[in-house]
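Structures are listed in the sections that come next.
Each of the next two complexes has subunit A plus one more chain, namely subunit B in the first and subunit C in the second.
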Partner chain A sequence: MRNRYTWNRRLPYLLLAPSVIVLLALILYPLAFALCNSFWFWNLQMGPAPLYYSGLDNYRLVFQVTPFWVALKNTLLLGFLGTFAQFWFGMGIALLLHTHLRGTGLMRALLIMPTTLAPVVAGFLFRYLLEPKGGLLLWALEGIGFPVPPQGFLGNANTALLSIGAVDTWQWTPFFAIVLYAGLLSINEEVKEAAQVDGASAWRMFWSITLPLLRPIAAFLVMIRFMQLFNSFDLVFVLTSGGPGTASRTLSFNLYREGLVNYNIGLTAAMTWLVVIIVSVIINLYLFFIYRKREW
Partner chain B sequence: MQRRHKVIIYALMALVMIFFLGPILWFILLAFRHPSEAYTLPPQLFFEPYLGNFGDTFVDPGNNAPQLVSSVIVSTGATLLSLPFALASAYALSRFAMRGKDFIMNWYISLLIAPPIVFVIPYFILMSRIGWAGSYQAMIVTLQTLAIPFSVWLLKSFMDEVPLDLEEAAWVDGANRIAAFFRIIIPLALPGIIVTSMFTFVFSWNNVIFPLALSKQSTTTLPVGTISFFASSGVYWGHIAATAVVAMLPPMIIFLLLGRYVVRGLTFGAVKG
Partner chain C sequence: MSKQGISRRDFLKAGGAAGAALAGATPLGNLARVAAQSDQTINVLTVGDPWDLALRSVTDQFTEATGITVNIETLGYTALQARLINAFLTQSADADVIAVDQMWISQMADNGWIRSLDDFIGMDSDANFDDFLPECLYSLSTWRNQVWTLPIASYAQGIMYRTDLFEAAGIDPLPSSVADAGMWTWEDYFGILEQINGMDLDGTSMYGTTVIGFQPVPVVHMYSQLSASYGTRWFTQFPEAPWDFSPTINSEANVAALHDWKRLYELSPPESINYLWFDAGTRYSQGDIGMFFHWTPYFYLVNNEGYLTGTPSPVVDKTATAVLPTLTAGGDQVVSLGGWSLGMPSTSGNQEAAWQFIKWATGAEAQKAMGEVNVKGHQFADFSRQSNYDDAGLNEIYPFLDTQLEMMKLGDGKVVRPPAPIYTSLEGVYGLQINQAMTGAVSPEQALETTETLFQNILSGNQMIPYGIESFDDTLENTKALQASLSGM
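For the complex of A and B:
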């Protein structure tokens, strides 16, 4: 009997071990690789191995040669604006769906389609629609007198990043809408009826009852979407390639450029560690402050 | 509800649908337009459908047909490889009280939301060192950084719903935990396992960073193939649209099939829907 007891106590760890070991190997290798090579000068075009020890030079060069601060600012801006816009648009649509008028079921099934697209495909959709000569969306906006920059929205330094955010918002607002709608369904109607009896207005009920009850779901959605926006690469790649100039560079795109286009492995390694530190801080702050009380 | 309110709500719903589906439909139409008509303005909603874009890309010369095959191989491979790892972990997390469970769940999700590009560049070097450069297995193995954490989360949510009583009954009958797992959990969680696999397939299918860095021309996947049109001479929208339409179909069909599981899949099982 005792044997069986210890066996059952160890079993969960044995079951977890394979996936944890595989994942640890898959993430510790890149992190260790980046840490070691961040102290070496290594350009892959000059040789298959690091060339010489360069101390902290790579960390200094990240700020001097690559547009690190611009990219950090863009990345955070994209994350905050995108998440904010998607949450509130999504909430609006979720409330529309929650009216349960005829047709909302079909609407819900079709609405998710943008979210199913590969981000590169979504990027192509809007590159086509925003093409300076012949893009339907640009043509329509010009038609109603909207001020369109002569290079188009993607070629203009002031609008390139916002356009990326807008396309991401188009793609992921349905996701917020569908999930928040599921959240609305899970709210106990009796609570609302009680508030109604007490004479609360619809506006008041939304802010004091609906929104607080949606908080656990909202916290989860905001976290994963913020991070996905923070990691934006595919859309940037297809829509603007970080341009014009460095106007729409993100941290992920910087890493791609230095690593897989310029082959500056040492420099990329240093940048990787800076990004890893930033991401860890964000995720841990989030888990600590907002997400702590969640039970699995 | 008042009639006036209803009218307003329907008008808003129509606007929402046009806004979110219009761009997709317009792009699908592009795939059936003759290249000379890609930029015709004002827009032509009705035109002679032209199948040449699909012919050029998938039949003759058909450069994108092998990419379709690669996409199927990589996505299926990544899904199948993740399953045994994810099943074991999800079962452990669903059925045992253990210390550090929250930590492990959070650890999985932090992998899921970490920037993949951070891992990709070292993998790129590693794969050429071990002779896997450009191979399918390079993509399939590295995609596990996303596929395993995702499947663990989603599978756990499905296993949580299999009643404990049934398993306990099997133990009373003398089955050990492993036997009960195969006889009770696997069959009862089978719909959940299938749903999870389909979502993992879609996420691998839509992934671009890993194939972009780790594939070679003969193993690259369809979404990456779409990108390569940009690099070559001029932008040929008909071809881009034709390949992109083929690339978008499997995820769309799977999402329509999965219907009521969509919320759960997209939130990794955290919201039941």
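For the complex of A and C:
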């Protein structure tokens, strides 16, 4: 009897063990490996193995030899503005789809298409569209009198980051729209009808009923997209390579430069850890504020 | 992974010993003998430059002569670098012959990743080693008094300009020979640009020039030519011994050069801040640029409307080439000399066959055959051997070879872009700051001050100031002596 009790108590742990082991191997080990490397001088341009223990030197060098602060500022701008724009554009499209206008079926099918493109493909597509000499989109914008900088949007320090954000928004707004539309479909119509009977305006119903009921989905979407935008690399690499100057440098691009161009493994490991800490702080703050009142 | 506190000196010693052991263990055999009817296969990793296209077109000739099958795999620059480093770190025999950028030589040689070719060259009279231009060997292939690679494509820099525009503006043709360039200065160059900028030529509004502005690598390639001509040097002492890598990049000469670089940008299409190498060449080919300087492969590449498209450009027969100007009339000139060479990874299991291929591909006959390939036009004139420059047939196809040769002979790849260890990191911050100055975000003075500080931090952080490893007096004269010694002269 006692054996059976012990077995029953241990069984859940045994069943969970494979997942836990895989998680440890895939997440904790690389992070621990990077943390360890961040305290060593290890630059493949100087030698294939770590040469000596360097303490916190790599962390100091992150601030001294890489454009860390400007990259952090750009990354946060891209993350916050991109997520904000994609959420609200996506919400608008989802609400339109929910009105059951003619052709919404076709629209749903078309909407998913940008999301299926690899970011690097979307990047090349827009690089050609935004080409200052002969780019179709630039030509069209100039045609309608939109002010285009002489260097083109990608070559101008004031518009390069915004252009990256715009391309990302073009690609990922449909993702928001489709998921939020699915959320709208799951809202019980009786709740809305009751509000209508009580005389609530459409605006009031959106803020007081639709949005709160979408919150579980929206909160998750926003978190995922923010993290993806925070780690944006493909579009930055293809569209501007962080330029002009540092106008569109992001933390991921800094990591690429140090890790895969300069081969400074120690420095890259230190930078990785700083990024992990920053993302963790932001996401945990977000989760704290979003989930502190679990009304739903 | 074990982490031992070894010093770089110990590491280099170990690498050298390993390299020597590997060389000793390799049966070199009679390298002069062609491996006739061998059924060997070698893998060659190259980069997507014009010479790769020409090499692929003639490689069958090598297989026919030797029976050695050649698998060529072409990668982009960054992909090639990543692939090679991964292969070296994992000690995998990924390739038997590799394309090596001149900037990688020090890193690959010091780490023992590629093997010295001295033994092969010394034992193989077929190599005609004395035929190589010593400037090309010095800039592309030697490190610490050993030959690590052989040049497959050497690039100097020179000027291309529109003859019809010059004629319309009443400007005399530019000097195509150093002997005629006594009074030819950068100030003259700027004067012409200002004169032709905005001119109308057959209904086309012309830009004076175009720059390569994309950061960090492309902009450094073009800017470093201007700044070297102005007298800029990167370090207190390099490549002459004893090496002192204390940076000297924030000099008066370089500040003047960066101010003039901004002038060049003002006379260029605004979008050229984002131009890569071929963007600038293609822009010139499209017909609205009056004059520019670039790597010498563009002497022939501009004959195509786009990059290797095969469609003749509107500037064919309206373009002439010229030598670079100097800062002062009759003053010293230093020309950027770069390019690609072929090396042999230490891990190659087919070293004899690999050597045969390197010797053949960099040899005068194969180089001539590459120059005669006419796929999408003639697309290879990046010769490193004197005999190719003397060849009448090649001169007929590429009438600019005399000018190119003169630029090669003034070339010094170790001064203009010094291939010191961690060059890539230095180039990264330098290119970024030049680009920042172009955007106007910082002044040239601020850009170079920041560059110098970053150089200091990077070099100190990588234990290169003070430099604790033995230096080598890496001069052109020493390369000439090495060349003579290996040629048995």
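Criterion: the second predicted complex is superposed on the first by the 273 of 296 C-alpha atoms of A that agree within 3 Å, B and C clash if a C-alpha of one lies under 4 Å from a C-alpha of the other, contacts with A are read in each partner's own complex, and residues count from 1 in each chain.
Convention: contacts are C-beta pairs under 8 Å (C-beta built on N, C-alpha and C of every residue); 3 or more make two chains touch, one makes a residue touch a chain.
Please read these numbers as outputs of a predicted model, since none were measured by experiment.
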Which touches a greater number of subunit A residues, subunit B or subunit C?
B
Taking the superposition as given, does A:L251 touch the first partner, subunit B, the second, subunit C, both, or neither?
first
Touching partner for A:T268 - first (subunit B), second (subunit C), both, neither
first
May I ask you to decide whether A:N8 touches subunit B, subunit C, both, or neither, giving the answer as first, second, both or neither?
first
Now for A:F126: first (subunit B), second (subunit C), both, or neither, which partner does it touch?
first
Name the contact category of A:L260: first (subunit B only), second (subunit C only), both, or neither.
both
Can A:L117 be said to touch subunit B (first), subunit C (second), both, or neither?
first
Set of subunit A residues, in rising order, touched by both subunit B and subunit C:
44, 133, 260
Applying the document's contact rule, which stretches of subunit A touch subunit C when the two form their complex?
40-41, 43-53, 57, 61, 64-65, 67, 132-133, 149-152, 154-155, 157, 240-247, 257, 260-264
Mind listing the subunit B positions that touch subunit A in their complex?
1, 6, 9-10, 12-13, 16-17, 19-21, 23-24, 26-27, 30, 38-43, 84-86, 88-89, 91-93, 95-96, 98, 101-102, 104-106, 108-126, 141-142, 144-145, 148-149, 152, 177, 202, 205-209, 212-213, 223-224, 226-227, 230, 237, 240-241, 244, 247-248, 251-252, 254-256, 259, 262-263, 266-268, 270-273
Sort out for me which residues of subunit A touch subunit B in the complex.
8, 11-13, 15-16, 18-20, 22-23, 26-27, 29-30, 33-34, 44, 93, 96, 99, 101, 103-104, 107, 109-121, 124-126, 128-129, 131, 133-134, 136-137, 139, 170, 173-175, 178-179, 182-183, 186, 217, 220-221, 223-224, 227-228, 230-231, 233-234, 237-238, 251-252, 255-256, 259-260, 265, 268-269, 272, 275-276, 279, 283, 287, 291, 296
Please output the residues of subunit C touching subunit A within their complex, sorted ascending.
3-8, 11, 78, 81-82, 85, 88-89, 107, 110-111, 213-215, 269-271, 273-274, 283, 286, 421-422, 424-425, 428-429, 432, 435-436, 438-439, 441-442, 454, 457-458, 461-463
